[in-house]
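Each of the two complexes below includes chain A, the first together with chain B, the second together with chain C.
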Partner chain A sequence: MDFVFYLFGITGLVSAVGVVAFRNPIHSALALVAALFSTAGIYILLDAEFLAVLEVIIYAGAIMVLFLFVLMCLNIRELKALPQFNKKIRPFAIGITAIFLVDMVYLITKSQFGVGELATGKYTSEQVAAIGSNAKALGQVLYTRYLLPFEAISLLLLVAMIGAILLMKEGLGRK
Partner chain B sequence: MHVTLIHYLILSAIMFGIGVVGFITRKNMVIVLMCIELMLNAANINFIAFAKYRGLYEGMSNQLSGQVMSLFVITIAAAEAAVGLAIIIVLFRSRKTINVDDVDLLKH
Partner chain C sequence: MEVILGIAIILIKILTIFGVTMFIAGWTTWVERKIIGDMQFRVGVERTGPYGLMQPMADGLKLFFKESIVPDGCDRVTYELAPVLALVPAIMSIAIVPFAGSADSFKIFGQTPFIAANINIGILFLFAWSSLSPYGMIFAGWSSNNKYSLLGALRSAALVISYEIPFGFSIIGILMIVGSLNLIDIVNAQGSYHWFIYRQPVAALVFFISIVAETNRPPFDLSEAESELVAGYFTEYAGMRFSLFFLGEYIMLFVISSMFTVFFLGGWHGPFISYDVVNNTWVQAIPGIGILWFVIKSYFIVFVYMWLRASLPRIRYDQMMSFCWKVLLPLSILNIFTTALLNLDKL
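Moving on, here comes the complex of A and B:
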């Protein structure tokens, strides 16, 4: 189990660095796909099978295809010629992020999060297994306790879709 | 060392940090959006890790609440990617650039 965690974790982090470091935007997009697949593996380790599948279908499938499609629409040769990195600001960005990370790691290790006990209460692993599957249990929670947020989020998705279509309409943005 | 909640939290913190560095240093707007996805993804790992392991508040733990929140975050990420990429396309149409430093209309 530990080996699998380190495998997925290190693959995910290396691909995440790739997203930031590659010059060619297409390579960055493919590195992001690798990072998302590794995250899906981490989700399976955390007993979230349904979300792992969603991660692969929605993130690595739909969203990344959208990204690659937009990169294809823009002229890739011109894009590669552009300056890709802001060299002036990079030392500050890395320094501030390093301070943030040291803080976070200190806080996480010093806090009482690390008790390492599994969650109690409703929907423990045994109860989820008794219901049938992770997807089934998630559906039960989503359509009862989280019904209103679910409806709100679906409305948000509709608004985003209409907004994207309106933005892309012919004539808008042309001078 | 056995893998516990701490390991997942540190993994997600590092991934978030990489996303922040990319967000600040990259000039290509599409890659800036990708780094936002990376940061949202790191937040998702936290949600799901806290759903499985017990945090500080024992009474509040409901295994699936974290997973439901993570589902909502994925939805928000999809909406954000769609609108963000539409904005980038419109910007490219009108100004022929997707370099974040060239788009400084509000600065002057």
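Moving on, here comes the complex of A and C:
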């Protein structure tokens, strides 16, 4: 199992670097798909097959296809020179990266590789198996404990959808 | 010993599936050419072997020895990758096709049912792989450095993204009734002729239309419209690379037809085989009859596909999009709400 984890981990990391390093935006998008796949593989190792499949359906299957669609419509072949990095953004970029770095170091030292132990979550693989399946366990949690946030998010998405339709309608009206 | 036996069974399953898949893909092209020939008052293929049965072999050999031309100015990495990306989703999704049920009598080696991967999230697995199928087309179209290819790729990407939504939504009604994502559970729920095609007729219609669009088959084959786009996204492909696209398309055709059988036509259920509700097993009068029913039903759907191709003209692009968003999507949502209301007692 360890071997499979390292396999997914290494492909994930390499392709994540590729996303930033490739000159051609389409190759970057392809690398991002590979990174998403490796993450999905790690989810499966964690017995979270439902999350893994959702990751593939939503991110790799829908969002990345839309990305590629836009990239192809813009017909960007290759970035000849890297765009000049805006100097004003630099402090923010360094700050945000530093926060993530601290986060990662903290998590790694807390986990089993480091000194302490991460607290085990409420939903271990055994408990999920007792409930029936991943999807069932997730559904139960979403519709009981996290009902309010869940409904709030659905409302937000509905508003976004109506907003998109409204923008489209106004555009048509002006013509 | 247990471990070795387990690995051996998995390997045998993978090899069987690969073999069966290639067989299906090859001879489905023969079936299609014969049927369409018949519908157009032609003979169809007849020169190679009896009734032209060896035609797929001849085609395969010819494509194998043909030069694989690489167009000038193409993007090499994605150009090479695209045919593979077109084939992999199709082969992966055949792993979850349940040819026969969970009953003891179906098990091979006393260990495993007649399905390569009996997973809890069978339907989602299918959706995941079918949502990845546009990648092959997109990369093929973009990397070829040809505007016809690019146009075909853009069309197919937009089409697949749009039709994926009614495709997924039409199944939700069934999921609510069955309460499981496992394909075998879904077929078990249709035992003793409670087939979903008459319990969920609207869903069946929406599902059928969206699978025709998802597989880019006529009358929805705008991405490969010969009259406007030469051959669409694979215009620049030749030899084995071209045949990989071809294989992918025909394997997906069979997988998707078998999914229609699982969801709406009761899977392997039929005469001489009945579902024993108490023991949760299938009782069959003739051994292997379940697999036979499954293949017959699936191939009936494949036949309907070909029938559509022979009889309907290609639909205009904008009509197809508005049909998806303004007719199929509301219809499938309506179906979800109606099913939920009718099944309130299951809460």
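Operating definition for what follows: the second predicted complex is superposed on the first by the 116 of 175 C-alpha atoms of A that agree within 3 Å, B and C clash if a C-alpha of one lies under 4 Å from a C-alpha of the other, contacts with A are read in each partner's own complex, and residues count from 1 in each chain.
Here, contacts are C-beta pairs under 8 Å (C-beta built on N, C-alpha and C of every residue); 3 or more make two chains touch, one makes a residue touch a chain.
Since the structure is predicted, the reported quantities are computational estimates derived from the model, not experimental observations.
**Q** Of the two partner chains, chain B (first) and chain C (second), which one does A:33 touch, if any: first, second, both, or neither?
**A** Second partner only, chain C.
**Q** Output check: A:62 vs chain B and chain C. Expected answer is one of first, second, both, neither. What do you get?
**A** A:62 contacts both chain B and chain C.
**Q** When the two structures are overlaid on chain A, which partner does A:73 contact: first (chain B), second (chain C), both, or neither?
**A** both
**Q** Between chain B (first) and chain C (second), which does A:144 come into contact with in this model arrangement: first, second, both, or neither?
**A** Neither chain B nor chain C is touched by A:144.
**Q** Looking at A:49, would you say it contacts chain B, chain C, both, or neither? Reply first, second, both or neither.
**A** The second partner, chain C, only.
**Q** Looking at chain A, does chain B or chain C touch a larger number of its residues?
**A** B
**Q** By the touch definition at the top of the document, which applies to A:133: first (chain B), second (chain C), both, or neither?
**A** Touch status of A:133: second partner only.
**Q** May I ask you to decide whether A:19 touches chain B, chain C, both, or neither, giving the answer as first, second, both or neither?
**A** A:19: touches chain B, not chain C.
**Q** Let me test your reading of the model: by the given contact rule, A:168 touches which partner, first (chain B), second (chain C), both or neither?
**A** Touch partner of A:168: chain B, not chain C.
**Q** Need the overlap of the two footprints on chain A, from chain B and from chain C, as residue ranges.
**A** 50, 54, 62, 66, 73, 134
**Q** Quick check on the complex: what are the chain B residues that touch chain A?
**A** 1-11, 13-15, 17-22, 24-28, 30-31, 33-35, 37-38, 41, 44-45, 48-49, 51-56, 58-65, 67-68, 70-72, 74-83, 85-94, 98-99, 101
**Q** Which residues, counting only chain C, touch chain A once they are in their complex?
**A** 75, 77-78, 81, 119-121, 124-125, 127-128, 131-132, 134-135, 138-139, 141-142, 150, 153-154, 157-158, 160-161, 164, 180-181
**Q** Which part of chain A faces chain C closely enough to touch in the complex?
**A** Chain A reaches chain C through residues 24, 26-27, 30, 33, 49-50, 53-54, 56-57, 60-62, 65-66, 68-69, 72-73, 133-135.
**Q** Name, in rising order, each residue of chain A that touches chain B in their complex.
**A** Going through chain A, the ones touching chain B are 1-2, 5, 9, 12-13, 16-17, 19-20, 25, 28-29, 32, 35-36, 39, 42-43, 46-48, 50-51, 54-55, 58-59, 62-63, 66-67, 70-71, 73-74, 79, 82-86, 89-90, 93-94, 97-98, 100-101, 104-105, 108-109, 111-125, 127-128, 134, 137-138, 141-142, 146, 149, 153, 156-157, 159-161, 163-164, 167-168, 172-175.
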